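First chain written, first letter: the chains are A, B, C, D and E, and each begins at residue 1.
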Amino acid sequence: MVDNNMVDTNKFIVSHAPFWHDGSKISTRNYNIALAALPAILLGIIFYGMPAVGVISLSISSAIIWEFVFRRVTKRSNTIGDGSAAIIGMLFGMLLPATAPWWLVILGTFVAVVIGKQIYGGIGANPFNPVVVAIAILMISWKDLFDFNEALMNYDFDFAMVYPLAALKHFGVSAVDSFNAGDLLMGKQSGGIGSTFGLGLIAGGIYLIIRGIIRWEIALSFLAGVFITALIFNMTDSARYAGPVIHLFAGYTLIGAFFLATEDSSSPVNFIPMLIYGVGAGFLTVLIRNIGVYVDGVIFAILIMNLTSPLLDKIKPKAIGKAA
Amino acid sequence: MREIIKMIVVLTVLSSFSGGLLAAIRGGTMEKIEYQQLVFVKGPAIRNILEGCSNDPIVDRFKIKDGDIERSFFVGIFDGKANTVAFEGVGKGFGGDMGLMVGVNIDDDKIIGMGVTTHSETPGIGSKAQTDPKFPNQFKGLAAIEPCKVKPDGGEIDAISGATVTSRGVCVGVTDATEIYKRLKPQIAEKIQEFK
Amino acid sequence: MAKTITQEFTKGLWDEIPPFRLVLGLCPVLAVTKSVENGLGMGVAVVFVLVCSNMLVSLLRNIIPSKVRIACFIVIIATFVIVVELLMQAYAYPLFLKLGIFIPLIVVNCVVLGRAEAFAYKNGPVRSIVDGFGIGIGFTISLTALGALREVFGSGTFFGMSVFGPSFQPFTFMVEAPGAFVCLGLMLSLMNLAGNK
Amino acid sequence: MGDYVLLAISCILVNNILLAQYLGCCPFMGTSKKMETAIGMGMAVIFVLVMAGAITWLIDAYILKPVKLEYLRTIAFIIVIASLVQFVEMFLRKSIPALYKGLGIFLPLITTNCAVMGVCLININEEYTFIQSLVTSFSYATGFGLALVLFAGVRERILLARVPKPLEDTAIGLVTAGMLALAFFAFKGMA
Amino acid sequence: MIKRSFIGLSKPRLEYGSLEDTPSFKQIPTSKEITLLSNSPFDKKKLLLKKKAVVKTGQKLLVYKESDEYVVSSVTGKVSSISSYIGDFGRSYTAIAIEVADDEEIDDEFKSAAGGSKDATLETVKNFLAFAPGNPPVKLFSDKNKSINTIVVCCADSDLLISTNQHVVKSDIDAIKNGISILKTATKINNIIMVASQSQMLKVSAIGEKVNQVNDTYPSALPHLIMKNILGKVVPAGKNPEDIGVCFISAEAVASIGNAFNSGQIPVTKIFTLVKKDGSKSLVSARIGTPASDIFKALNITLNENDRIIFGGPMTGSSVYSGDHPVQTDTDAIIVQDRDDIPVISDYPCTNCGDCVRVCPANIQVDMLVRLLEGGHYEEAADQYDLYSCIECGLCSYVCVSGMPIFQYIRSAKYELGRANTAEATNG
């Protein structure tokens, strides 16, 4: 080969097939998640004003800073550009009451980003949803800060500022009779900054499902699990156990179904496992709410199911040509 | 063969050495341990029941043989008079046996107080029998010679909400105690004289 | 390469400090370190058992047939464990109540059995005692450090005394079971980090 | 019957021997790197613990208590467990070689598994009846196995992740075990 | 590159290119020098072909002693150099450069050996047509280990953007028909299955063989999927269709065989698609062995530093590091990719999003597979996560959010395992 073409002097990029890519990026995914969460956050900010803005922005920024610092200290590449730390911060902030003190937010994002994610090697390696881990740890440490009724006492609205699940737990079914699905969906209940506006969360969830960013199997089977379990409890003893509507639209159910349970790294990817995972999380949620000690069960239900995810994923379809 | 014999010998010697050592230490510490157990396990209940007494009831205790078992009685001295004893009865609760301490004034045969010492009831529900003073206070002033019952069984004790089994168990325990009291009253009266 | 007596002692404090270097005896480490006091108490109990059993095993090492050595070790260790149990009941009853089942469980603590098997059965009594003492102290240090960490943050106290003042809201997670695992894991990673340098 | 079910649930989930009572951590960390080993260890523990629970209960009730030697419980139990393990090993090797192949290598480890000794002591301390002891022994062992298998699933993945050097292996394992314990908080108050 | 659609819920739909959007047809003039690549590794000692040897167009050239591996010269001229060429995974080839003479002479060895198409024998096909355009798998028919009983003639193109087969079907259906009858005569196999895309159905059915329609979306036309969906036979993991007696042959190769016997001359030009940086396509025909740079020159394509030249389709082709890389018998496309269009391969870890699992036509759990491969646990990957079931369509890499080179991991794992197994076999 002695041809002296000008092309010859150029160096070409040699890499391997395929040479096309659909252009999807981690950062795009995460920004879409942020976009989907926006309506719920906005309503939270409208309701709770500046403190909510403070909590959310502190949460996002501290999460990013923790990730930056940890990557720097461990001499690893900087990954804050992929937006996953920001998403963790955002979701964490959405679950907190607007009155959460600053140290709680910063400690929480530390637990979420560093303990929950980075020490496992960063994105994709965490066996548990970092946000859920952080909330669980803080919730068992400072129960009263997560008691939304107490935390949001100073707010005055034109609707009953009551945390439905706490009312349900402490005063029984009759205490939540006044809630109807419409009010709950419009966020007329006490709760986390971004976890009360059901309609916004549903809209965001549907957007993410359509964009293929979250797996619909998990989200829908989670809701189905909550619905069916609540219905069964309700049918066995309607005086003791509330109906499915309250369980679906109060507490962390919706944000859990669309934003927490669907976290990529801690959930299964095969079809049947995804369904089992979702239904299991929904079932445990209602079980914990009805007979466990916690007011809301979403957090621990997701943690338990995260734990089973590697096992569930062993149920997989037969690969082509694989001997049975 | 020699080896096996050696093994057996070594193990036997070792075991007997261990047994001897332990027996010796056990002998040396038995009194002390018993006292410690009384102080820390039963102590709080006893102090509670005999509140305001001028002596240390755990030091001032005596034992009476009741059939096969030895029972301990703790003496409370009020206003210089040793007229009160506290002792243990056993009731059956939700999670197994419960030990309870009952204080009785031997002058008028009335219960002056009751406290749960050991139990394995459900935390937060049955355990209220020990932690919530309302429940044990109901026993104050009851006659120490009659069986005692919860309201559902026709007695006068309000059961702890959600823990009827525990409450009933406590009543059984108190009744057990009253029976012991009835049975051993002469001996108690006799022994208690020594503390006057 | 024979170590000096001092080295035999100091190795237990750093090079072979349980449970970090030798990942042994985790159960008591996790269970009794809710407070410094418990950690220290447990540590002392372990030191006693370790030193005594090491000494006895070492003294009897020529008599004990190797086939039944584990059985003999267990008898010896169990004896001293019961001694500790009895003494603790007699003189430190509240501590006994707190440590509860973990005192008798020293008998299955791999650290104790491990030292008897790996060291005392092969070395003379003086060395064995020093080794037991060193490892035991190392174990105590670990327990105390973990206990201190968990107590200070988890309850806001140190040896029962308030550290941060009344306005401090304790990080209860640290004294709960999961906190024990997480703290130990993070401490272990710090030890690894320090050891690698 | 309902009582026994509640007791079982309580022992498996609520008071999980490993995650709530910290017993059996060494084998937990040691045998959870691979799923097969985890399953093997879990089965072995169930097998031995049920037998040990029964035998130690009988010994305590019919030998130690009548002759007032309760203070020798520790030494008696450990000897019983050690010889039981030895015996089971011999028995399995001779009569059920298939089972021995599966459980064999885990049996010696069980002597120093404080979960076994711990459950035997708990049974006595809590003054369970013989049947209750059997139920608790089986359920505690099942809880141990369950936690072990779940943990192994997670750990298999962690071994493939880019964990920072100082945290590798045991350290990250312990942190994950903490998360496991945290997840089991879900069952609080259920039994 | 086709962007991910807004509605990401559905699987990506990658449609095979159709001939209609490949309008221009350009004949590239014969270059001054061409290079033929032989599959035999370079070995100086056994070299049979000598430097300076004079060759004619269509002449069969045996390269090495004690080997029946041959190339067919596509030009008339003189051998100017014989050298080693290293391809993917360090595989060694022998590159034979031929300086083209002014006058073209046609070699007649084939003509005299072949006779008419009625007398076609397996021997002739095997001895002369292995180097024909479309790479007819002629050796398979006489391979004792394979016992081929079915021939699948694939008229659809297997990768995206490619339209060689479509062109052949459109312009030379008679040659295909002829080729099929020769194949039948030569191989004595009558079980011929035609596979065509929807638009080709009418044309292909005219041949008179049974025709099956293949889906219009990638990767339906890959052999393994044709086996599963059309023939209803699943190829066992790690095996190829020929291992269960099915031989795949492209329409182009069949046409080459037909033409060769028809004209008494081994075809030496290759038709392929050329994709420019702006994505416009043109159909090009050039002598086998023509360096890519000559084609670029003829079409006025300029290349810059860090651009990429791809031989083959965008999903399964391979990129080359030199503009001198020659057109080969199986080069169905040459794609020029601007440096700005090259997807970035990142060292991000798998995020477990599961896109690859859903897109995989072979039902492989790619998320776990890639974790194992990344850690170098090849054996476990093969045992537990179906490494050998991969049919190498490349879709997992195409959709990977992290931009991991999954396909590459899989290929190198298969390669490494294969090497380890061979080593074991020779040692043990």
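As a working rule, a residue touches a chain if its C-beta (ideal position, glycine included) is under 8 Å from a C-beta of that chain, and two chains touch if they have at least 3 such contacts.
All values derive from a computational prediction rather than experimental measurement.
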| task | Note down the smallest number of touching-chain steps it takes to go from chain B to chain E. | result | 2
| What chains do chain D and chain E have as common neighbours? | A
| message | Measuring between Cα centroids, which chain is at the maximum distance from chain D? | response | E
| task | Just grab the chain with the largest centre-to-centre distance to chain A, centres being mean Cα coordinates. | result | B
| query | Which pair wins on C-beta contacts, B-D or B-C? | reply | B-C
| query | Hey, how far is the Cα centre of chain C from the one of chain D, in Å? | reply | 21
| task | Round to the nearest whole Å and give the separation of the Cα centres of chain A and chain C. | result | 41
| request: Calculate how many whole Å lie between the centre of chain A and the centre of chain E, each centre taken as the average of the chain's C-alpha atoms. | output: 47
| request: Give, as an integer number of Å, the spacing between the C-alpha centres of chain D and chain A. | output: 34
| Multi-chain contact sites of chain C, meaning residues that touch two or more partners | 71, 75, 78-79, 82, 86, 176, 178, 182, 189
| remark: Residues of chain D that touch at least two other chains are 71-72, 75, 157, 161-162, 164, 167, 172, 175-176, 179-180, 182, 185
| Residue numbers of chain E (touch at least two other chains) | 349
| remark: Here the pairs of chains that touch are A-C, A-D, A-E, B-C, B-D, C-D, D-E
| message | For the complex, give me every residue of chain B touching chain D. | response | 18-19, 22, 26, 96-97, 120
| Which bits of chain A are touching chain E when the two form their complex? | 1-3, 5, 7-8, 10-26, 29, 77, 82, 121-125, 209-213, 215-216, 264-267, 269-270, 313, 316-323
| note | Residue positions on chain D within touch of chain B in the complex are 71-72, 75, 126-128
| Touching residues on chain A, where the partner in the complex is chain C | 107, 115, 119, 137-138, 140-142
| task | Enumerate the contact residues on chain D facing chain A in the complex. | result | 149-150, 153-154, 156-158, 161-164, 167, 172, 175-176, 179-180, 182-190
